[in-house]
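One structure follows; several queries about it will come next.
A, B, C, D, E and F are the chain letters, set down in written order, and residue numbers restart from 1 in every chain.
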């Protein structure tokens, strides 16, 4: 089985982080194909970056679909372009944001998301309201760091770790969710440090996407995810 | 006062329809500047078209903002790229979908939307859920016609008129909303024929946007509508 | 075009404040007709005052309707008697509370309301729940001052200004809404001081009501806003 | 224990129906004091009638409160002026609409309301949304009869009985609620005929109000139900 | 009239507290029959205890139903097994948690629940979400005490009294609800001390259940509360 | 990796169906351990059966936990005893109902559930309301067949197939979900026949549970899923 993981920003280094997390958590019969968007912003922070990232993302989805993958993963926690990508593909498309929160809901009655930049918070809140999981969410918080400055320093000096530790204290019954694809490598150590599940969306999406592919399911194409009608388009 | 009305699809003929509706309903001290997106699909039907339309739309918003307009109107009922456009501008940005529904809520306890293509229905439903007006909405229906095939035939043979007539019968206490910018010219005659308010989003948005500009208000830029951070971008 | 602005309390001084705000923000072709309720409490604070104010308000609506105005504005932030007034009129009726919040939603993803007396808070919260805008509301707060004691002192000593300043600090991405018609004259200066839109409902309602009138729309009279049936009534 | 049942419309015949239903279902130690509003419409149908009925209702509440009753019941299914009445009293105030629906929720997972006139439907829907019971409501329907024309004809010719029978068929797991105080005398026979609980609000409110009085509870007066501030009022 | 009050845990001392509260607040024509579950945990704290308590509870419901009571009360604030019990009985079944909150809603626009152990909080929150009363609830708090350690010490040293006092301060317009059957005897004194209604669920349920029985209503058995189908069962 | 799949009813034949579905869809490194509840009803239909099934289910969970499995699956679509089971285990526990609906949400914007008996419908609706997925659900329908009578007849004569075919026609954009563990073997053929994803909860839960186990996550035990306190219990 082949899973296509597309990084919708144009930072190849972030693609490497994401691909490593996907490889490390894939079932034995799953091959990971990681791609990077060919155009758009180097990181996705907020509504504007997200919108500018979608055309490049859709190009990678179409290429991989033609290439014959079994499912696609959009490796930005904003689930950038998720609905448009489902129009472009027949194979299942999973966003790492929704995937992480769904897995969190299996481990606790509630979850908290810690993302990088404050400008991403309303984007994530809107997604959760639409996909139904706002009901289970005890808050979306920002660590106050730019996505491209993310790096995992051990201990209290790392702002993501600090924000997660605070969230764990504030809401003792919540699972914790890493709100950015670039945080993927932090999940295991933080789970250990905080003695609480800290869920990475890339790993979560690999489980969901491989499961959907294993069952042979495809996207319903008779409604809002119908393939786009052929029409004149200005490049 | 100058209002910028941008047609986010690339059909100049639809821009003309929209501009005419805006001119016809503008207060006396309002000048309309209509633009057409320079790239993307010729009509916007569903998630995929919408996503492909945004970068061209954002270019027009930025140009008009630099040019000194007092407010912007996005003339697609999907409110395509609305949040991204608010990041790109400091002047108010109004989407014709939200504007039409807001005005409808002043005329009846509920409203019904009739759009063109079925693939647009989930897009509109998601918008209404996020902006809070789903509570007031008695249904989003599709007339079953492609946007580029819209034309206003009098009488029962016009599918949009037929769908509105049916909606008016089914929900006697609802205001009626035209769910596509390309339907703008139908509003007046249908309001008369059905003896019920039939609201066009372009006209509605002109009222809201000119009102916001008249009061001198600007978009709050300290949250999710902050200007996009300067970062490396692949063209 | 003539807009009828009715002050549903019996304080003529408050009518003057409201009329001034309406005049100052009306489009050039709009004439403002301001009236004061002939009976009921001198200010409206809470459920009981609101209920006692409605019959006088409805009398003014009926008189203005007979007189031939193009739309009505109810100039109490509680939207006192809004639904009953829509039964009594065929011309559109706009409440300043709903109008202010609708305009705020065009400028930010969320808004906060600051009203005068705590007893008004549950009234406003109920309105927002019914009209769907609770979804967008980040809180209704009271400045802790009686409506008849409102006056705009510059600086920190004014409790309304202080409460707005605190709200702006607490929720950096929210537009601010003045929760009382008697605060109308504060909007412009506070917008400037706080560098954030501070929205007055009277001004907002003038934009909405003139827009509805400009489009020629009337209230849907086939449902809950049907004219009251003629029946025996004890005076 | 003395319960005050106020009919907020001015029809003495309807007060007799209501008082009889209250007497018939009161616990042995409960005395019923029935009053009729001194002014306002002869029946309450829709927002406008409701608003005009409140001042007369509040007068009766204040008189009975001074007279020393243990609780008040507002005998209109719209719960006309319920919140204003709670401001005017310290003793508990129960509306027959909310009471009927609360009792229905003890007998089935869902309930359906059948009221008299269609214009009442949005009033009842708004109440249910505010008091939380919309979640449990499977529909508010109108029998299509004016309140003053209500009379209980046995068999299929009675529109209320016919509407209830249809509701019972359509939603087999719902309790049935009579949506008008004037229907009180129908409850017992219809419960028998339909072999399903048919709940009358007057009887329901007697149970709730006597229960609250028995426990000695009073309305919380430190929030939205604070007594109205003393202020100048035009009569 | 005979009401069956079943304590779904196996602590006879708690049954005595509950029975005393029921006796003390019953109408004059109501006889209380109190039973204790024959098997399961000695107190119910959280999902697991609750699940283990249900079979014993259902046995007592079936026995009392055969014995001819007029209604049943489940005397655990979690409303343990409420829906299953309604399947097992034709007579009305009332849970003390829902009953207390319903009565609270008659006395204030909002209520707060103070329960004993933190592990009960999510159980109560889920109940409130399902029965619709979450809309009215301003919070479920835990006093941080095990159910079997409950005892009413006067003054600040009692953790339940302290938590209620804090809740009354934090939310001035809320009615207060005792979130555990074992707290029944505290209601009267705390109501007096805090000058705010403090509602005990046992007393509340006696009012509701006797009211339902007085009206002769029975549970709707044609839907989710149908009697369980006869089928092979392993003991 | 070892997954424990527990059938919470006492029908060994249904355990065989469930185990076969789990085996057929498990990743290559996953071993399935299937157990049958030792006591309770032979099938689970409605609230009462569900409640009676939990103690036996919890026994099997505890045994398997002690035995060292990596995750548990509760193989009844009602997610019987899910929260209690999470208290009893530290390893993740997945219910097949929630799992099926979560996977359906990755394939379409909405889903429909078709269960066996009508009495199960309110149970499933309550679950969806609590876990947040009601937002995505376009209806829960019953095929009108007892669980123990389920068998997959090809063609129109099978009531489950007929109900799914109708659902697919009524809601063209919905994924379809089999609402009973006993339907597991129908999924593949019906997916093919209806050309639409037909999702079986057992297969879905295997994907989720193996994914959670692969990532090493455990249930959060510091809130509502804390292990039950040790206390006196009557057997």
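Miscellaneous remarks
We adopt the following convention: a contact is a pair of C-beta atoms (placed from the backbone, for glycine too) under 8 Å apart; a residue touches a chain by one contact, two chains touch by 3 or more.
Per UniProt, the chains are A, B, C, D, E, F = Allantoin racemase.
Owing to the predicted nature of the structure, the values given are computational and were not obtained by experimental measurement.
Of all chains, B has its CA centroid at the greatest distance from the CA centroid of chain E (Allantoin racemase). Ranked by how far their CA centres sit from the centre of chain F (Allantoin racemase), the chains are topped by C.
Centres computed as Cα averages put chain C (Allantoin racemase) at a distance of 52 Å from chain F (Allantoin racemase). Each chain gets a centre from the mean of its Cα atoms; for chain A (Allantoin racemase) and chain C (Allantoin racemase), those two points are 43 Å apart. Taking each chain's centre as the average of its CA atoms, chain E (Allantoin racemase) and chain F (Allantoin racemase) sit 30 Å apart.
Averaged Cα coordinates give chain B (Allantoin racemase) a centre that lies 26 Å from the centre of chain C (Allantoin racemase). The set of chain C (Allantoin racemase) residues touching two or more other chains comprises 83, 109, 122, 130, 173, 223-225. The touching residues of chain A (Allantoin racemase), counted against chain F (Allantoin racemase) in their complex, run 25, 27-29, 83, 92-94, 98, 102-103, 105-110, 130-136, 172-175, 188, 191, 196-197, 199, 203-204, 206-208, 210-212, 214-220, 222-225. Remark: chain A (Allantoin racemase) residues 10, 37-43, 45-52, 54-56, 58, 81, 83-84, 86-88, 118-119, 121-123, 126, 129-130, 146, 148, 223-229, 231-235 touch chain B (Allantoin racemase) in the complex.
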